[in-house]
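In what comes next, chain A is part of two complexes: it sits with chain B in the first one and with chain C in the second one.
Showing the complex of A and B:
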């Protein structure tokens, strides 16, 4: 590449670079500064407090709860959403016709507003809903869906899985479509049919899709806000208290913007570290099947 | 040569972006300053709902017709993720308006502590405004610990309890219970006749959601304490005896399975519960979704019940109320012009009547139930009369910048564990006091 071409490249990239500088880079440095202050964003006076915000955050029960709740959600959500989206993708893949129609149909929940979906779910599991009335009348089951820590977390996870299964199924579907027929034919000659074929051929060949979906799903767990905000407010007893709820409560409800920013920075470090670990684990698994 | 041309082109483009951005702000400022000499510009943020915006737009248009040197721009306040956060961001970015409504006393305390708003009582004509609007008693409870009035309340919803009078009559009562023991007695009879029904269905009783405390704990605490301030300045000043009695009442309701702390859809309307905390904003919803809810036929209203031995007629309650503030970032001229506009609006009760008709929210006036201007409205809307009568008996939220944390602790340390049967009222109150003292120190 000569210097002239390089300059054209810089020129063409400059709108995005300027945009990124204004909306990402400057806010990032600003956030780093803010995290070391006790500013509430509105007072003309504030002090730098060193690493106090970070120390307070590390010893805060609500931050610790957000940390563990994220992994609890991850433990439930990732297997459910991967299994669900893979099964869905396999079903659509084997449809004789209208694959596109079904793929788009299952993708629709992803486009639904989180608030609207949460309100619908709240209605479905409310005490006097037909669903709960049915459980009480027929099975004698009186379930407090949002009052039990485990069930409340499960409701949120299932709701999110419903929303994302269609989207992730599309990623798996594109992976399935790209597996060459020859690979299956060769496997068949070697005696791999039925479940053996799925287990030993399809799944390893879907490694790039697994990689993408897993990283997306893991990353998603660190950004949950709307569902617990509408359904549980983070309760009961912090069972559904997420990082984003904690940041929102601190920065916008309690006006502790400096502290809230410190929590956001810790959240981004934990997110980065978790995704890094998952990447390494996935790459190890992929390496065993010949993916570099 | 070509290299130089490219370099020049990039430099010019970047310079244009940077200078253009800078000039835009500067031009805006110059424009504003220029206008100050002839016209005063007031940016007014109205609450983000169409009825309130329509009212303020109408008022601003009328005012501008009479006052040609004032230009009022009414726009909805940003509410992403909440109106408070929108205001916070605007102040941080230097884009705060001159005047805004929709400010609660608690949020005003946060703004006042950060010197983001100015005291209303510093303006010439403030006392005259209070007299003309007949709101001296109502606003007395709004005074901040530093002796100033930072907010001019626009409306005040004296929170009441709704009772299903049709169900009460089935149980042999012609009016709602007024004391704790009367309430428990009604509950006992209700359970005998309808084991599946509850006295009060309120999921928030088991949640620490800070604002939910306004509509359960503070309604009953204000009634039990005869309106003793919970926080005074930066000190917990709550009436301990009244507080423990309030918690004991919640414990008794819970122990007798009279409260339902599960998410329930329209429990009062469909008869799952017999009582409900009720604000006047519910009536338009009922008119649309539950036309069968008829005042004095299906439901009646009452002030919160009081502990035995207290006079129910003296009961106080919580005021769900919001008002106007003037921002410190505005120029003195803009601030005075904004105040003059507010004074003009509230000097005529017809404007309050227009507000009431438009929004259904009772204006914060002492004379709302007696002033001739409102008589015909309350004859047409009798369910709002008790709200109007009790405006002077309703206390606004606390004026402490730590309000969110304090109210969260009331839930976490006291109300939630008492309702769940995890703590005795005495222990819960003690734990709550200790935790709040920790926040206030």
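Showing the complex of A and C:
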């Protein structure tokens, strides 16, 4: 290690260092200051207001809505996406041929822009669409999909599930491929075959994949913006009002920059706490199956 | 026994194709909607005839009263995404090389800083980032969409890990032959990382291409909008023109799909590294 290599090292790392100074460190401290002001993004005059923004946020109906909507989404999204991606992974894993082809095909939704998929969803559930006509003619059902809070939330959740299920399936697939053959052979001797084998051998062996997918899925629910922004605008009755939508509305529609930053900080704390709790729960569940 | 197994495999394929159909259906619906006669869009699943009217209407600027620059938006998206992705890729290779193959004091410190930053919630930075961009005078310029997205921590992390798996002897031998660091990167590191580069490129390009929130904040001049933002803005106003909206969606989806298909040969190999 000499002076010259040290210089080269810092020089090659410099894009990261410069970038982080401007686009990470400065905004980081600026945010911590902004959150305690009442700045409205435009006027040159503003003052510090202490923790008032945080207190206002905790009592704000829209922040509370974002808080609960996220868990409501999670309650639907996590089971759907885990069951779905596990099934896709099992299908791909057991196919004798064209595994790669199907894996790639199932991954395609991940490439879609949320805006484009919102346009398709809007068309598919529009009043005169073939889908709704079919529901009316065959079942006599006349459903206003985006008019009902529960259904609107379900539509957003299903859009997210469609997008991510093929991606998460790849995680389960790599988990499935890493289970040694001997484990299955030993299980067969013990009489575990068919669904019994899936339930008692495969699923417990997949614990690391479950762990990763659950944490990713939980984290994802705190970062939803595009789909509700385009399709529902957060409604009806705040039923699809996510954290990011709330922060965007406060800071850039109502121009409450200080308050919006405070909400962003609260959002981050809630996110960290939720992920922490999920990790602990998963580790407890894994511990019972011999995973540390 | 053999008969029953064959039956099971057949059922598995039926299931596999059914799932594939569900995954691809929205894309098919989009393409059919963009090509259908206007009175059949969202009314019939399979149009009775095909027409390019939606695309023509779109390329002429859409509604006569306020024409929109749809092609320009497509070009903007291409420019911003390509520039941003290339910068992210080049900087990630440089930094990744420094952090894995050059020993210097403070390297571990930089590594830790990157890890910390990766898990730092970026939503907190959104408002101050916007203010910085406005302060620099980048509001309504391409710079606002490119420079704050010129470095990607995940890509640096991936390259650092990948370069660690390249044996040091190769690099030492090249140094003996008098090769400098840039030559080593160009001649040894870069060719060896082709499969992971295609996947990293694909992910970076795609994520940049579908970005909505940031591009929406820093640009309001119609000529500078990306296609994704323009499409999101027209979602309500063009509610009565579903056909052209599908045509624009096809335009928005096609580049990523083409890239993905070009790179799908390396997909499994590259993904295996990324998912590890």
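The definition used in the following text is that the second predicted complex is superposed on the first by the 269 of 292 C-alpha atoms of A that agree within 3 Å, B and C clash if a C-alpha of one lies under 4 Å from a C-alpha of the other, contacts with A are read in each partner's own complex, and residues count from 1 in each chain.
As a convention for this text, a contact is a pair of C-beta atoms (placed from the backbone, for glycine too) under 8 Å apart; a residue touches a chain by one contact, two chains touch by 3 or more.
This structure is a prediction, so every number in the text was calculated from the model and none was measured.
Annotation for chain A, partner touching more residues between chain B and chain C: C. Look at A:248: by the touch rule set out above, it reaches both chain B and chain C. Of the two partner chains, chain B is the only one touched by A:147; chain C is not.
In the superposition on chain A, A:10 makes contact with both chain B and chain C.
In the superposed model, A:162 lies in contact with chain C only, and not with chain B. By the touch criterion stated above, A:266 is placed in contact with neither chain B nor chain C. Of the two partner chains, chain C is the only one that A:114 touches; chain B does not reach it.
Once the two complexes are overlaid on the shared chain, A:128 sits against chain B and chain C alike.
Looking at the shared chain after the overlay, A:34 reaches chain C, while chain B stays out of its contact range.
Within chain A, the residues touched by chain B in the first complex and by chain C in the second are 8, 10-11, 122-123, 126, 128-129, 248, 251-252, 257. Put simply, chain C touches chain A in their complex at residues 9, 12-13, 15-16, 19-20, 22-24, 26-27, 29-30, 33, 41-45, 91, 94-95, 97-99, 102-107, 110, 113-114, 117, 120-121, 123-132, 148, 150-151, 156, 181, 206, 209-210, 212-213, 217, 228, 231-232, 235, 242, 245-246, 249, 252-253, 256-257, 260, 264, 267-268, 271-272, 275-276. Across the complex, chain B is touched by residues 3-4, 7-8, 10-11, 14, 18, 40-44, 122-123, 125-129, 144-147, 232-233, 235-236, 248, 251-255, 257 of chain A.
By the touch rule above, chain B contacts chain A in their complex via residues 2-3, 6-7, 9-10, 13-14, 17, 81-82, 84-85, 88-89, 91-92, 110-111, 113-116, 201, 203, 206-210, 260-265, 267, 270, 272, 401-402, 404-405.
The residues of chain A lying in touch with chain C in their complex are 1, 5-6, 8-13, 15-17, 19-20, 22-24, 26-28, 30-31, 34, 88, 91-92, 94-96, 100, 102-124, 126, 128-130, 162, 166, 170-171, 174, 223, 225-226, 229-230, 243-244, 247-248, 251-252, 257, 260-261, 264-265, 267-268, 271-272.
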